[in-house]
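There are two complexes below, and they share chain A, which is joined by chain B in the first and by chain C in the second.
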Partner chain A sequence: MAEPKSITITVDGKSLSAPAGTLLIEACKAVGIEVPSFCYYPGLSLQAACRMCLVRIEKMPKLQTACTVQITDGMVVTSDSDEVRQARKSMIELLLGNHPLDCPVCDAGGECELQDMTFKYGAAESRYMEGKLHKEEQQWSPVVYFDRPRCILCYRCVRACGEGMDVWALGVQNRGSSSVIAPNQGDHLECEECGMCIDICPVGALTSGAYRYKTRPWEMKHVGTICTHCGDGCKTTLGMRRSDTGMDIVRGDNRDKSGINGDFLCIKGRYAFDYFDHKDRLRHPLIRRNGQLTQATWEEALEHVGKRLKEIRDTQGGQAIGVIGSNRTTNEENYLLQKFARTVLGTNNIDHHRTTDFAGFARAITGKQNATATMRDVATASSILLIGNDPTEQHPLLAWNIRSNVRLNRAKLFIVNSRPIKLRRQAAAFLQVPEGRESKFVAFLNGDDTAAGSLTSPAVSNDSLKQVRDQLRGAQDPIIIFGSELRGADIAALVKFGSGVRAMFICLGDYANSRGAADMGLYPDLFPGYVAADGPHNFNEEWGKVPQVKGMDIAGMMQAAKDRKLAALYVVGSNPVTDYSFDPAALQNAFVVVQELFLTETALLAEVVFPAASAYEKAGTFTNTCGDIQLLKKAGEISSVRSDFEIIVRVADRMGADTKKLVPFGKGVHADMGQSRGAQSGEADRHAVWLTANNLDPRLSPFDPMAILDEIQRLVPGYEFSRLNLIAGNDEHVTAAEHSNAGAGNGLVQIVPANDSLFTSGTLGRYSHTLNSVIENRRSTESKEVMAD
Partner chain B sequence: MVISEKLDRFFDEKMKEYPTQRSFLVPMLLYTQDELGYLTNEAIAHIAKKVDLTELEVRNVISYYSMLRTKPLGKYHVQVCTNISCMLRGGEEVFEHCKQRLGIGHKQATPDGLFSLEEVECIGACSWAPAVQVNYDFHENLTPEKMDAVLDQYSRKAKQ
Partner chain C sequence: MLHFSKQTIYTEHMSIIRDIAGIAKGMSVTFREMFAPTVVENYPDGPGPMKGAVFQERFRGLHVLQRDENGLEKCVACFLCAAACPSNCIYIEAAENTEENRISGAERYAEVYNIDYNRCIFCGYCVEACPTDAITHGHGFELATFNASNLVYRKEQLLAPIKPMRTEAPVESTSQLKEPAQDHP
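Right, the complex of A and B next:
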């Protein structure tokens, strides 16, 4: 595409240039001239409803809306004159004509665009004497509330829901000044409950069930961290307020649009932080006494676990111990856990709940350059092939980026799926193939025309298959995205095809840090960076002796437990009893230790349960499913729980391990770090802030995840990103998979997709009040309809 | 109540003339209203499907136009103009009179379902103001007395 011509215009006597086609309001913004607006929103269709952006353009009759006028050569604009100021004032006077002015109790008070505009441009007095039209606030869904009188009819919500979400759940009814925003089900909403409409509302007309009437915006501290749910890695800004037991998370939003998610957050990133203070949250260590899990002190629990694990290791050897790691603990914790397993417990029996075949993906792309796409790339690629998965449900940000790219850049989307997933509405071609035949399509892409036979149906002809293949063969730098439907050799075959067209790939895994779990070596046969355990590697140089033989995977551990060969099982943030139907009876004789937030089915079988901090309560990094790594900042605080990191280090310490070797901190500098924890912390991870602020690169505490990040960056190829950029809150792309050296593998992998929907999220989702109330609400709405029949 | 098969077939035929199918939405709504008396939930769902819009979008359009309605009105819908020409020539008195005589107000229907009343804007009959439109028929140069005669005429018609 040719670069658009640059055009020069004059605004308020200043000359400025912008590409042809630029909207006047954007051209002004680019040089710091603010043209006020309500209805205009970048990326959404133009509305010109509010008339707040009126400016004078020479040679044009009347004032013009800067949000709809494209600049033309020699245009002369006045954005600040008595006439323009008067126009703005009048617009605000009109808007306030029926506005309730209940700012003192309005959720938006203090961060309301109407307040700000009135303050800056508005009329202090009104000439309206008429009574105001009142309407009680309405609850439209567990998430969305509507306060009609506050609405200024900017239609942002309608467009965000329709154009952005492709849900079209909000409409405008009636006409003119009696227009009202209406939900799709008459008096309530049935939608994806993303809260986009609430966040985009410039005033307090749309409010959320989670936050309304809870606090004032200025009473909160705001911490930008990463969502703990799906594998997409949205940045969510948490509003924090002090509580009796630490810091409460009051709300989540995406006010800080600097994340890879831009404007977007789904229901989970915005509201499902609420598992964090669920009443069932574990707040004390538990030890089994006389068959009952009973409350214990940290001291007792750590001592007990350290002693037993040491005994078992020393008498039966490390192979009698199994470790299962987590998809939602940080990279540093995952790395630390496998290092603990390999160097302290002396075993390679470590695995995690594998929701997709990241190891197979690493094998397929090893040695390739630019083989993985970032989440941001998805929003700009010219064509996208999506095989399997249902991003609308399982990767909402990915779905948003795909939709936005199709809508704003006319990207071509090709979908191959066994179900009619919602994204087909954006697809240039949608091929519905029989379940389990996704790999046949890959074979077909690679030129195997006989594979077409098993793919065709009345809806999918041979020709349509060929057409899609031809278009993909001619595509420019496409992105190929695939779900857990493709594994092992099928991924290799897909990569073979993709390499021919310089494609970049995204392998979709479930949960916030499943990619990090894989990258950090929570595998019985792979060290961090997908390095074969039985092959050459340099980890023993730093770590000392490590077991050279492959360990057992989860299935192997389960069998060993049955055969009474597994004396201990150490589980961190995982629920294998449910996820893998791990036979509870098999664990009867094993010493089971669980680090968890809740008493899961697995925790119920444990000898000792440690109450762990959630990812909203600690610092560290997450790597999303694309390989974008981002910083977690500590937001919430529950004073009686500890991070998985700290628990592992303390257990290692009780086992007599040298914690300095486990976590390379200190290096000769000593200081008292007592000020880093405690109930008064919380506006961020004070520990991290303090260290960074004081430029203390030598890590001073054995609980400092950054000390492990140092080691990760040193030892895991592909993790050499800019630390500064990470700390500044930006995303960095890591390429451990491209730099892998995983060996052949045995081709047998047990993949158990999470199959979460928009409203579920594994263990965390089960304890989210918001998610549960949406599910509950849907059930009861359904039954209402049945009653009416 | 959904529309008759005949009307549905007519829609299918006519729709072919529209490059963008949703452009046919308003005519479809009008035809449907003429057939059913008002736009029923079933009819709205049916039409939404036909033009691939959500029911909400169809309702947005219906609520925009005051001539489209989702509630049944009287068999004879009396639309009294009170816009400027008619107002100057006694339209408001005619409207008041109708209210009294029928015992109903703006956008209401008599209990027997025979009449409904609506105060409307200019119906393009200013030269013969004040004017009233009953369903698709016009009645002009009205006074309260003449209005009585008009209403009597419809009452009789209903009994036939």
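Right, the complex of A and C next:
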């Protein structure tokens, strides 16, 4: 595409240039001239409803709306004159004509665009004598409240919900001055409850049930961190407030549009942080005494676990211990956990809840360049093939990016799915194939025409299949996205096809750090960076002796537990009893330790339960399902819980392990001075050399996750990103999968997709008040409707 | 070399005269007051709840959270006083009024409203900031205590009592003058 030509215009005597087709308001913004606006919102259709953006353009008879005028060569604009200011003031005066001005009780107070404009342009004193029309505030859903008199009819909410979310739950009733925003179900909303409309509302007309009347914007401390729910990794800004037990999270939003998600967040990112202070949250360690889990001190619990694990390791060997890691702990914690398992417990029996086949994906794309797409790429790619999954429910940000790309850039979307997923509304072609036949489609893509037979149906003809294939073959740098429907060999086949068209891939996993768990080697057969445990690697050299044989996966551990060969099971942030139907009876004789937020089915079986901090309460990094790594910042704080990182280090310490070897902190970390490599005595401290080379200082504490991030960056190929950019709060793309050295697969891998919906999120979702109230509300309105029928 | 010009001598003499005039002026006040009737605030032995203390109307003492004519709290928990406070001593937690539990006249009220008198400098900024005239300075001043934590006053201590009948003048809290019992050593 040729670059549009640059056009020069003059605004307030300043000359500026911008590409042809740029809106005047945007051109002004680019050089720092602010044109006020209410209804204009970048990315949404133009409305020209509020007339705040009026400017004087030479040779035009009246004031013009800067939000709809495209710049033309030689345009001369006045954006700041008495005339223009007076026009803006009059607009505000009209808006305030029936505005309640109850700022003291309005949630928007302090961050209200109408307030700001009134301060700037005046018109705070009303010249009207008439009383104002009052309407009661309405609750439209557990999340959305509407205060009609405050609405200034900018229609941003209507467009955000319709164009952006493709939900179209909000509309306009009546015309002219009696227009009113209305929900789709008459008196209530039935929608995705994303809260986009609330955050996009420039005033306090739409407010959220979660944040309502709680505090004030300036009272909060704002911390930008990453959502802990699905695998998309939205950046969210949490509003924090001091409380008796630490710091409370009061709200989540992303109004600063930072991060990979812009201003998008789904209901989970915006409101489902509220599991953090659920009354059932574990707040002290538990030890089983006389068959009952009873409250204990940290000292007792750590001592007990350290002693027992050491005993079991020393008497029965590491192979009698199993470790199950988490999809929701940070990269540093995952790395530390597997290092702890392999070097301190001496076992390769480590696994995690696999929601998709990341290992298979790594095997397929190893050695390829630019083979994985970022989340940002999804918003700009010219064509996208989506096989399986339902992003609207399971990867809301991905769905948002796909929709935006189709809407704004006319990207071509091809969907292959066994269900009529909602994204088909944006698709250029939607092929509904019988369940489980996604792999046949991949074969068909690769030229196997016989596969078409099992794919066709009345809705999907042979021709339409061929057409899609032809279009994909001719596509320019497409992005291919696939869910857990494709595994192992199917992924390899898909990659084979994709390589021919220079495609980039995204493999969809279900939880916040599923990708991180895979990248960090929570596998019985793979070390961090998908390095085969039984192949050549340098972890022996780096960590001291590590077990060479492959360990047991979760199914293996379950079997071993049944056969009484598993003496201990160490579970971090996972619930295998439910997720994998791990037989509770089998665990009766094992020493089970669980680090969790809540008393899950697995924790109920434990000998010792440690109360862990949630991902909102700690620092670290998450890698999203595309491979975008982002920084977590500690936001919330609950006294009496500890991060999984700290718990693991402390347990290792109690077992007598050298924590300095586990977490490289302080100086002289790897100065093995020849003990392990004989002849090369005096060999330099590799970690220190690396730190120096990268301009980093040694960390001072064994509980500093950054110490492990240093080691990850040093040892995991594909994780060499700019630390500076990460610390600045930006995303970096990691390519551990492309750099992997995974060797042959295990054959059978047990993959259990989480199958979460928009309103569920595994264990955490069960404890979210907002999610539960939305589900409850749906259930009750549904039953009401059934009764009415 | 000593040498006085006329000018110097003149100024020297004038300054002596000015000093004498100044002293005389000062003493005149002293002598006048000596014969004037004595005015003493007989605090704390005076009569009435104020124990003899007399205040100017504008005196800024312990705050009083006012009620409206229906006895509802005027404060709507807008946090503006807390934002205005230069010593950051006002702490508020807001909550929503419901049909059954109506505390203030508007949609929200202050569930918790604390002023930390360890820090309050009685500047009156909060009073200026308040859009509902809820927070006012009363005349309470006996805040001394042996225990600093007693100086965090809660809403219950700051609220004006519910008056049986409406009056025009703002109500002044009387509870403020009674020292909390646990205060005494």
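Convention: the second predicted complex is superposed on the first by the 759 of 789 C-alpha atoms of A that agree within 3 Å, B and C clash if a C-alpha of one lies under 4 Å from a C-alpha of the other, contacts with A are read in each partner's own complex, and residues count from 1 in each chain.
Quick note on the criterion: contacts are C-beta pairs under 8 Å (C-beta built on N, C-alpha and C of every residue); 3 or more make two chains touch, one makes a residue touch a chain.
Values in this document were obtained by computation on a predicted structure and should not be read as measured data.
S.K.: Thinking of the overlay built on chain A, is A:R216 touched by chain B (first), by chain C (second), by both, or by neither?
M.R.: second
S.K.: Regarding the shared-chain residue A:T450, is it in contact with chain B (first), chain C (second), both, or neither?
M.R.: neither
S.K.: Can A:V172 be said to touch chain B (first), chain C (second), both, or neither?
M.R.: Only chain B is touched by A:V172; chain C is not.
S.K.: Answer with first, second, both or neither: which of chain B and chain C does A:D102 touch in the superposed model?
M.R.: second
S.K.: Identify the partner contact of A:N184: answer first if only chain B is touched, second if only chain C is, both if each is, neither if none is.
M.R.: first
S.K.: Taking the superposition as given, does A:E137 touch the first partner, chain B, the second, chain C, both, or neither?
M.R.: Once the two structures are laid over each other on A, A:E137 reaches chain C alone.
S.K.: State which residues of chain A lie in both footprints, the one left by chain B and the one left by chain C.
M.R.: On chain A, the chain B and chain C contacts do not overlap at all.
S.K.: In the complex, go through chain A and note every residue touching chain C.
M.R.: 102-105, 109, 137, 212-216, 218-219
S.K.: Along chain A, where are the residues that touch chain B in the complex?
M.R.: 168-175, 182-184
S.K.: Please name which positions on chain B make contact with chain A in the complex.
M.R.: Interface residues on chain B, with respect to chain A: 54-57, 59-60, 63-65.
S.K.: Under the definition above, what is the set of chain C residues touching chain A in their complex?
M.R.: 76-80, 82-83, 93-96, 106-108, 131-132
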